[in-house]
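Consider the two complexes below, in which chain A is the common component and chain B and chain C are the respective partners.
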Partner chain A sequence: MSISSSLSRTGVAAWYERRSRRRRSSRGADASLAIGVAIIGIMMLAALLAGVLSPADPIRQDIPNALAPPGTDGHPLGTDALGRDVLTRMLYAARTDLFVAVGAVLLPLAIGVAVGTIAGYRGGIVDRVVTGVVNVVFAFPVMVLLIALVFILGPGIPTIIVAVTLVSWVSYARLARDLVRRERSMDYVLAAKVSGLPTRRILGRHILRNIIAQPVTFAMSDAVAIILFITALGFLGLGVPPPAPDWGTMIADAQPYFTTHWWLAVFPGLAICAAGLGLSLIADGLSQKWNAQ
Partner chain B sequence: MTEPLLDVRDLVVTFASGRGWGGDRGRIHAVRGVDFSVRPGEAFALVGESGSGKSTTAKCVVGLQKPTRGSITFAGAPLDPARDHGQRRAIQMIFQDPYSSLNPRMTIGAALIEILRVHRLAAGREAAERRAAELLDLVGMPRSALDQRPRAFSGGQRQRLGIARALAVEPSLLVADEPVSALDVSIQASVLLLLKQLQRELGLTMLFISHDLAVVRQLCDRVAVMADGLIVEEGTVGQVLTEPSADFTRTLLAAATDLPPLDLDLEHRQPKQRSTP
Partner chain C sequence: MAFARFFASRLLQAVPVLLGVTLVVFVLIHLVPGDPAQTALGARATPDAVDALHSQWGLDQPLHEQYLLFMERLLGGDLGTSLRFGQSAGDLIAARLPVTLWLIAYAAVLACLFAVPLALWAASRPAALRDRVVRVISVVGLGVPGFWLGLVLIEVVSVNWLLLPAAGVEPGLLGHLESLFLPSLTIAAGMTPLIVRSLRTEVLRVTESDFVTTARAKGLTPHQIRMRHLLRNALAPSVTVLTVNVSFLIGGTLVIERVFGLGGLGDLMLTGIDARDFPLVQAVTLVLAVLVVIVNILGDLAQALIDPRVEVQ
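The block that comes next holds the complex of A and B.
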């Protein structure tokens, strides 16, 4: 009968799958993670120590020395059209952009995963309502919402975080909901139910632990998108209000000088790339590590 | 005759198949009116092919499935899906697939201690740890398993751990849903032996779900044969397996004896099993 066939399917195949996954993991994951953490760590450190690393004032104008090329005495990365030091502005911009990115990732991550987990586990009417809201938000034009919000709340960092959260929690909710729906019929969840564990505990200690890797990995790569989004907002003039520096605004300000004064756009551009690369490597390393477990 | 521990009357479970707004469109009748009762201390088997409704019936008993109709009485009290703490504790389950029934991210110790503490079966962390270690002794697993995660163990070992989890809350009824069908034949015998010993030592009542008559013959006292959501035959294992009255049971028996290697294997093993502790 079906004993030998079910044995080979559930037993050996599962064993082999786990086994090979575990082998594939370790070294590549560790390397990605280490390099990613190093890049982001250095950037964060530089952002924190901005005042020490570069004593110049990021918003002080010095028109006579405007548009100095990189390597000029006192301005290793040159100055912008208003004579402000590019390196100093980049360091302070890192503060803004990294902080906003962290806030604009953690908040939607927490909200989305919580809502999605409950919807996926409960099912029924709760699930249908959440799925409906998620679909509406997905279909909503982000920029229109943002412009409306900037109008209501005024431009600034809180507005950006609120706007990003309003839009991007749905990705996490959808992801968590689907993962939980798959997970909730797994035997170990049923076993926890039969054991008489309270639902709160089953969700928090059992299901969440098994699904959290994907949302967190997604958050890391989402952080890249959010940095780009903030940059885009800055470029459109809807972002961090001037004269506070951020990478996007710096590139926007550099627009008239793209062909003549390359350093104005290239250095902030490189910073964005480096932040994106670092976060992507962390995401990649984490996902490999978690999948191996 | 003793009062039954578990009494199932006219159990009906119907699933809606597919999605749709039409109320009656596509219904699957998984269980179509099942009656049986399990006496305290006995091992009662529900056998049948896959799709016969035996697992669904088991799920109703442990509270994972809401019956469409019918009543389940446990120790004289009605049992509905929203059962109370004590009732939930009293009925535990062993799952078919030992690879998915343990939480992959929790150590065995953490999982057992969690259950013990939620049910307040141990005063303090140390007592819970001691009890968890005793549970491992009970199922023949080394205490070092406490600090390991499920992936460190083979199917047979995991199934032992699954049994330890089920026993942690000291249930009076153990529902075993095909507990050995995912295991290697050579390991099946040892897990069955363990179940048999535990049943005797702890005075457990067992509801055993299986499609394998050879396994049922070794372990159970009475058996009910299910087909298409109905019980077609019921009686002692001796009666049903030697003088089947229903055609379906005969077919099932014929199918089982079609596999000489398995039957031979188990029969050869029997004397050995009794001698090993």
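The block that comes next holds the complex of A and C.
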């Protein structure tokens, strides 16, 4: 009995089982992707339409109406300690944080993949130098180096993007390097080489196209971390300079009022969670699709 | 003997990384836009005071001389002098280090307590309901900001339920365990999703290996296999996963210390930043990076002790 059942598992039944498992997981991947894209899409749309959705001024103070609870006339999510409309500030904060996050993900992705691809393809001294630099940057705790760089370079959105880029290009570089090293001895690369294609074309047209899926998937999960880093910088007072709104700064400002006016800290926190969830669902869906192939 | 050789070669590998780390920390001060001494002292500083700081930091010398001076001081155990406290940065760090180390260790232990059972549970039936539940937990957990979770926990557990202290560190072992519980829990909550994912993959890989098939063929129950074979073989990868995430762990500590007012290294660094205290910020950055390198070496050693197949690449 046990022999026959174990035999059947190795044959057609196993094939069916594997196929149905793959189908099930691909359906899961599609669902993750769809929900994630929907969340991020809605948030980006709300950020872009901030002025239309909420006509209030995000930085105009109105002290007499400070600390109004959610549901107050004209202030659906209430007002903060300076009487500024919370919903409006959250929408403009989405604009800042999502914009900074896009820059802080795309720049390291582009630089890291370019450097890693060249290092992996060239090998030799170039590879050793790049690997050395990558190992050194990896030795620093990300948040520590990020805080030190933002402090040194001074506050502002460009600083944050530059600091994140300096810290996080290394992950992409290492990933791309390893992928290219595996790829460069493949037949199609050798064929391209033999047929006399210039290196730039081999790298750009052939190798890059074959390896890019993995760095892009990684970029989506990296984006989750980046959102958390940016808002943590804001929370520590090292983020986007005031009075421009950012979710992290809003939470820091709300900290003294938590016991009496909890919503001031809870709403921006939930906004960060939602952005994080959307991005990590996209990352999850992409990596499941990648694994299924 | 083989272990001693492993240890030696692993230490040797760390030397260039440590050199690079010192170079990065050294360069930090030169990235300051304008004159760092002027920036540190403020616009109203006298030219004499600025000059004095220049010569104290060695900024009046050529770059390579400066680095040699920096390294010479460093190897003599001098991490620089804090402007804000007028004290050796090394002493300041030594006084604050224990809290930070406590927090890191405590959070790592809690994270393992959550992650290992979750990963084993999820991996016991891949693609089944339990696997999907664990996946959802980790996907949701990844996006929660630690500093915010900390604030919410303080509000709920300390303020509303009056259960644990909201801030500060109590003396003694029990006091530490109690007062550092919430901060460690906050950090552990951020780490658990990362560990669960990698660990689940590792356990699945082990499940498909030959010795598990053999154990199954011998007629061992799934429970016996899990306890005797899977768990032990999953230990080595969990050590790896922990050490890979130690940099995340230390970074998390930095922010969480501020939320709970713990006065560790993170707090020291942020105080240094508020005071534009460049030497102090440099010193803390350096120490934390060295800490990561040390933990990585320890992780590799633990790995070698657990699994005799491990070799230095």
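As a convention for this text, the second predicted complex is superposed on the first by the 245 of 293 C-alpha atoms of A that agree within 3 Å, B and C clash if a C-alpha of one lies under 4 Å from a C-alpha of the other, contacts with A are read in each partner's own complex, and residues count from 1 in each chain.
Here, a residue touches a chain if its C-beta (ideal position, glycine included) is under 8 Å from a C-beta of that chain, and two chains touch if they have at least 3 such contacts.
As the structure is a prediction and not an experimental result, all values here were calculated from the model.
J.: In the overlaid three-chain picture, which partner chain does A:F138 touch, first (chain B) or second (chain C), both, or neither?
T.: After superposing on A, A:F138 lies in contact with chain C but is clear of chain B.
J.: Regarding the shared-chain residue A:P198, is it in contact with chain B (first), chain C (second), both, or neither?
T.: A:P198 contacts chain B only, not chain C.
J.: Where does A:P70 make contact in the superposed view: on chain B (first), on chain C (second), on both, or on neither?
T.: A:P70: touches no partner chain.
J.: Between chain B (first) and chain C (second), which does A:N210 come into contact with in this model arrangement: first, second, both, or neither?
T.: Only chain B is touched by A:N210; chain C is not.
J.: Under the stated touch criterion, which partner chain does A:P241 make contact with: chain B (first), chain C (second), both, or neither?
T.: Neither partner.
J.: Looking at the overlay, what does A:Y188 touch: chain B (first), chain C (second), both, or neither?
T.: In the superposition, A:Y188 touches chain B alone.
J.: Tell me which partner A:P155 touches in the superposition: chain B (first), chain C (second), both or neither.
T.: neither
J.: Looking only at chain A, is it chain B or chain C that touches more of its residues?
T.: Comparing chain B with chain C, the partner touching more chain A residues is C.
J.: May I ask you to decide whether A:G83 touches chain B, chain C, both, or neither, giving the answer as first, second, both or neither?
T.: In the superposition, A:G83 touches no partner, neither chain B nor chain C.
J.: Flag every residue of chain A that touches chain B in the complex, lowest number first.
T.: 1-4, 6-7, 10-11, 14-15, 18, 186-188, 190-198, 201, 205-206, 209-210, 293
J.: Hey, which residues of chain C end up touching chain A in the complex?
T.: 16-18, 20-21, 23-24, 28-29, 31-33, 126-127, 132, 135, 139-140, 142-148, 151-152, 154-155, 159, 246-252, 254-255, 258, 269-270, 273, 278, 281-282, 284-285, 288-289, 292-293, 296
J.: Please name which positions on chain A make contact with chain C in the complex.
T.: Going by the criterion above, the answer is residues 21, 24-25, 28, 32, 132-133, 135-149, 151-154, 221, 224, 227-228, 231-232, 235-236, 238, 248, 251, 255, 258-259, 262, 265-266, 268-269, 272-281, 284.
J.: Provide the residue numbers of chain B that touch chain A in the complex, in ascending order.
T.: 50, 62-64, 85, 88-89, 91-93, 95-97, 99-106, 114-115, 118-119, 151, 155, 162, 165, 168-169, 181-185, 211-212, 255-256, 258-259, 262
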